[in-house]
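Chain lettering (A, B, C and D) follows the sequence in which the chains are written, and residue indices restart at 1 in each chain.
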Amino acid sequence: MDLSVRIGSLLLKNPLIAASGCFGYGVEYADVVDLSSLGAIAVKGLFLSEREGHAAPRIVETPAGMLNAIGLQGIGVRRFVSEKLPELRARNATVVVNVCGTTLDEYVEVSRILSDAEGVGAIELNISCPNIKEGGIQFGCSLNGTYDVVSAVRKVTRLPVIPKLTPNVTDVPSFARAAEEGGADAVSLVNTFLAMVIDIETRQPKISNVVGGLSGPAIRPIAVRMVYECRQTVRIPIIGMGGIADARDALEFMIAGATAVQVGTANFVDPFIWTKLVDGIRDYLQRHRIARVSDLVGTIDTHASATERSGV
Amino acid sequence: MPVDVAAEVIVNRALSADYNLVALAAPAIAAAAAPGQFVMLKANAGFDPLLRRPFSIFEILRDGGGTPSALTILSKRVGPSTNLLYDARAGQRIACLGPIGRPFTIVDAPVEGWMIAGGVGLAPFATLAESLRARRVETTLFYGARRAAELFHLDFFRALGVALVLTTEDGSAGETGRVVAPLDRKLAARDRQAPVMLYACGPEAMLAATARIAARHQRPCQVSVERVMGCGLGGCYSCVVPMRGEDGGRHHVRSCIAGPVLAADQIIWD
Amino acid sequence: MDLSVRIGSLLLKNPLIAASGCFGYGVEYADVVDLSSLGAIAVKGLFLSEREGHAAPRIVETPAGMLNAIGLQGIGVRRFVSEKLPELRARNATVVVNVCGTTLDEYVEVSRILSDAEGVGAIELNISCPNIKEGGIQFGCSLNGTYDVVSAVRKVTRLPVIPKLTPNVTDVPSFARAAEEGGADAVSLVNTFLAMVIDIETRQPKISNVVGGLSGPAIRPIAVRMVYECRQTVRIPIIGMGGIADARDALEFMIAGATAVQVGTANFVDPFIWTKLVDGIRDYLQRHRIARVSDLVGTIDTHASATERSGV
Amino acid sequence: MPVDVAAEVIVNRALSADYNLVALAAPAIAAAAAPGQFVMLKANAGFDPLLRRPFSIFEILRDGGGTPSALTILSKRVGPSTNLLYDARAGQRIACLGPIGRPFTIVDAPVEGWMIAGGVGLAPFATLAESLRARRVETTLFYGARRAAELFHLDFFRALGVALVLTTEDGSAGETGRVVAPLDRKLAARDRQAPVMLYACGPEAMLAATARIAARHQRPCQVSVERVMGCGLGGCYSCVVPMRGEDGGRHHVRSCIAGPVLAADQIIWD
């Protein structure tokens, strides 16, 4: 049974990627998970320099989900390269670095530094974080901005470039297309949904940044729809995510059109989820006599539905 | 190296309308735990509630041969997960991930250990008291609660030879008022040369007051902080505490892996 | 204690409205609920003529939510006026009619018929149903479309005109503004989020229409954010909805900026929810010594958060 | 006029690895229920699962004085809600809304009542059999299941004087195969003049086959359909069945209020 999938030039041993911001820099989990057993690890978003992020409280639980506004706290790309990357390399982790920027130049510069470092497998461009005012989402909410960032980074690196798209737009597929036209090797979707929770007793927002990003099972049906739509629109691989909590959910994203998937929030609930996911996917492929997991990608059958519909 | 155990509830005892004590069969975690460490619990399958919740390890239970067999949790009902813990039935299984976090640094005699607990902040001090007393450290527990009926496990501490200083908000036991008042007085009365280590756990305001008092009396102080925790393993950056770094700058430190026990004088209490 | 709120010229005895599509034509609930005890009833969306809607399965449960693609089955406005309205009138229900159209003319015509009928309190323009191909959302996803429908209907009726906005756009407040400029008396938000669920065993969508609309507690934090944003943008009242399941949730929407709220999915779970909601709101106002529920609208306090933020 | 009762679980009996029988203390609903009606249950607080689920009223239990005191549900595990029902404990409360829906139309002798049940489709027939037998209607139950161990409550029907025609898919009891086969044969063998009313409940394919057989033998047939139901009260339009209207056109009828019992010959089986 072949669980491997390909994202541009990057071969993943399985389609399971730890979602950015939900797995620290990977090294935090070295004690509980064999880092090399994951398809890849998308490390926490990195700017050029350190950032302290927002004040606590930074998260609040919501129905079948959670809201976060971490504010992209991070150690900056240079410290990442010197302090974290060697351990990740030593542990044979496939590393996707989530790249942030407040300007186009910053995206380019961070990507350049990563391209020169040893042990980076791909660059995921975070143009979709809902939790910071400057940068990021301003690129991710504009077709030109998306195209510009992708093509600028494309020019400075041979690593696969994977812009991560925001769901907070009317038409996600058009952004996927802009990314493809800019030279992206794949797109990741979705980042979190802009949302808020108010404490009715104090009438204050429950997280310090007022608004934050919604993740977890609650958003899964919306995310699956977006992956499905993008699959109809672009030819590059899609990395799907949003609320995956078990192997069935991961398979649902793949059937909708994702070549690989990321798991974020569910890893908080169960840091040992990864072997369960791999086992669940294996079991499914066996039951359905599918030899390669990649054969499953985008195999959704809407025909029966359409027939019924036309019958009405 | 935390492990995840589907721990069977051995017994669940209601201590009051809000507090309960639940014993979980998690020998591997019980054996590895150090005072001040915690576990991440999930008492339900499914998504309501979704995330685990952090709880201090209250006691380590041992079998006849002295081998750790279980741990207990002292829980106070404040929301969905603590409600589930309150209602937990013997035989039920609760996902228990741990032990997690940086424990208390244990002192040796002649340093005295003074523990300051507010409400459910008592939780980390049962195991700490045992460790301190095992080293024959003179130990005092300053313990404040809303009312006499919410002062738990006093006999346990008395049996260990821990001196008790009790306060209640309604005056129904001990001194009336907050627990930091007697702490302040006793520190003022104490010989500057006689070393004391302060250990505090409780509401944020109590911790901040304790930190101020410790600073005023120039005593070292370890506090166990409480933050909303998404993962407990350093993955999510939800649990940060603003601390002064060596560079003098303000840094957000993940209290699940750098804490929950932190040096009071490095925390920026704002 | 004053629970009444005003939506344009319409005075509601309390801010609780049964959400369109979740309460039939109201008469279905006459046995279980005193229809006059609700602030209003938004009846199921009506076109000019009858519609049979999509084939079953039309709903599927999702984490803390549900997906629906009913396809706006309905009896048409004329049969509604002759067969349902008299009973609603007899039961002293305040009636909001959810108006659908495949063309601008149809919206106008349906609205005109309703304006001539006795017992209609307001018109809610459904320009946001994600479940039908023609019409509806095509207006709701275009600023000009929104403006055009609202101003056209505005011209033919004295009833309050309340366009219902879709959440499936990048910038909901700009649609609220277009509605306001078109002469809307209020806006309703949100309709459902376009989403999908796939059965991994059959690889077919779980509802016959392939995609459907996500409602229920899962979407509440996103909906609250959208109400909050719109409150900063327009002056007309906002009717907020999306996942309200108890009085606390209703109050959260009001604090975020909603003058009234609608409850849909939760009414399925508990058809007796209405008295519980009223009691819960009363209790809250009493505890907080607030005399009029309308005094609560938009009183969110983001100041403390901002201070904390600037401290970082 | 349905009511909502936080019904206490009186007893929950596992009948097999999948089937269970749960008795709910809901006297008001039990007193008002007619054969074929159903209740909407929610066995959990909170959102996981979120919606209620429809279940036929299986039996009406009565106290010593003959007053209805409780109802039972025959449940088959297929997902989260039926899992919760399977695991329900005595004393637990389950939200129970009912009675709902259009019941069976009961015939009088000399019309015979033939009930056709597939699997858990047995559920509405215990009360229907009682009503028919109370009117001295000759009653037959055609009952098919996967295996002998999943043929439940046979003694109950025998005691009522109901003739049983059993089938199992694996041949472990009765005739091997589907339940519609003996139905077809017995109808073929029956005198055209001797009136029969068919009542069917079970999987959609079985209902469609029954409807075809009924049409072929020109017998009236009431079927209890199963649709995913969001509300059970006509509010959501989720539960529709395509039916031929008087105008000959295709209409989507809400099976929760116009059904669940519908005339087989008006349903469009596609």
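What we mean here is this: a contact is a pair of C-beta atoms (placed from the backbone, for glycine too) under 8 Å apart; a residue touches a chain by one contact, two chains touch by 3 or more.
Treat the numbers as computed from the prediction; the structure is a model and nothing was measured.
The chain with its Cα centre farthest from the Cα centre of chain B is D.
Chain A and chain B, compared by their mean Cα positions, are separated by 36 Å.
For the pair chain A and chain C, the distance between C-alpha centroids works out to 33 Å.
A separation of 47 Å divides the Cα centre of chain A from that of chain D.
Of all residues in chain B, those that touch two or more other chains are 47-48, 242, 250, 252.
Chain contacts: chain A has residues 52-53, 55, 63-65, 216-217, 311-312 touching two or more partner chains. Judged by the touch criterion defined above, the protein chains are all mutually in contact, each touching every other.
Partner chain B is touched in their complex by these residues of chain D: 46-48, 80. Touching chain A in their complex are the following residues of chain C: 52-55, 62-65, 67, 71, 141, 168-170, 193-198, 200, 202-205, 207-211, 214, 216-222, 224-225, 228, 243, 248, 251-252, 255-256, 284, 299-302, 304-306, 308-309, 311-312. On the side of chain D, the complex with chain A involves touching residues 47-48, 242, 250, 252, 270. Listed in rising order, the residues of chain A touching chain B in the complex are 21-24, 28-29, 31-32, 44, 52-53, 55-61, 63-66, 68, 70, 73, 216-217, 245, 265, 267-272. The part of chain D that touches chain C in the complex is made up of residues 1-2, 4, 42, 47-52, 95, 97, 227-228, 230-231, 233-242, 250-252, 257.
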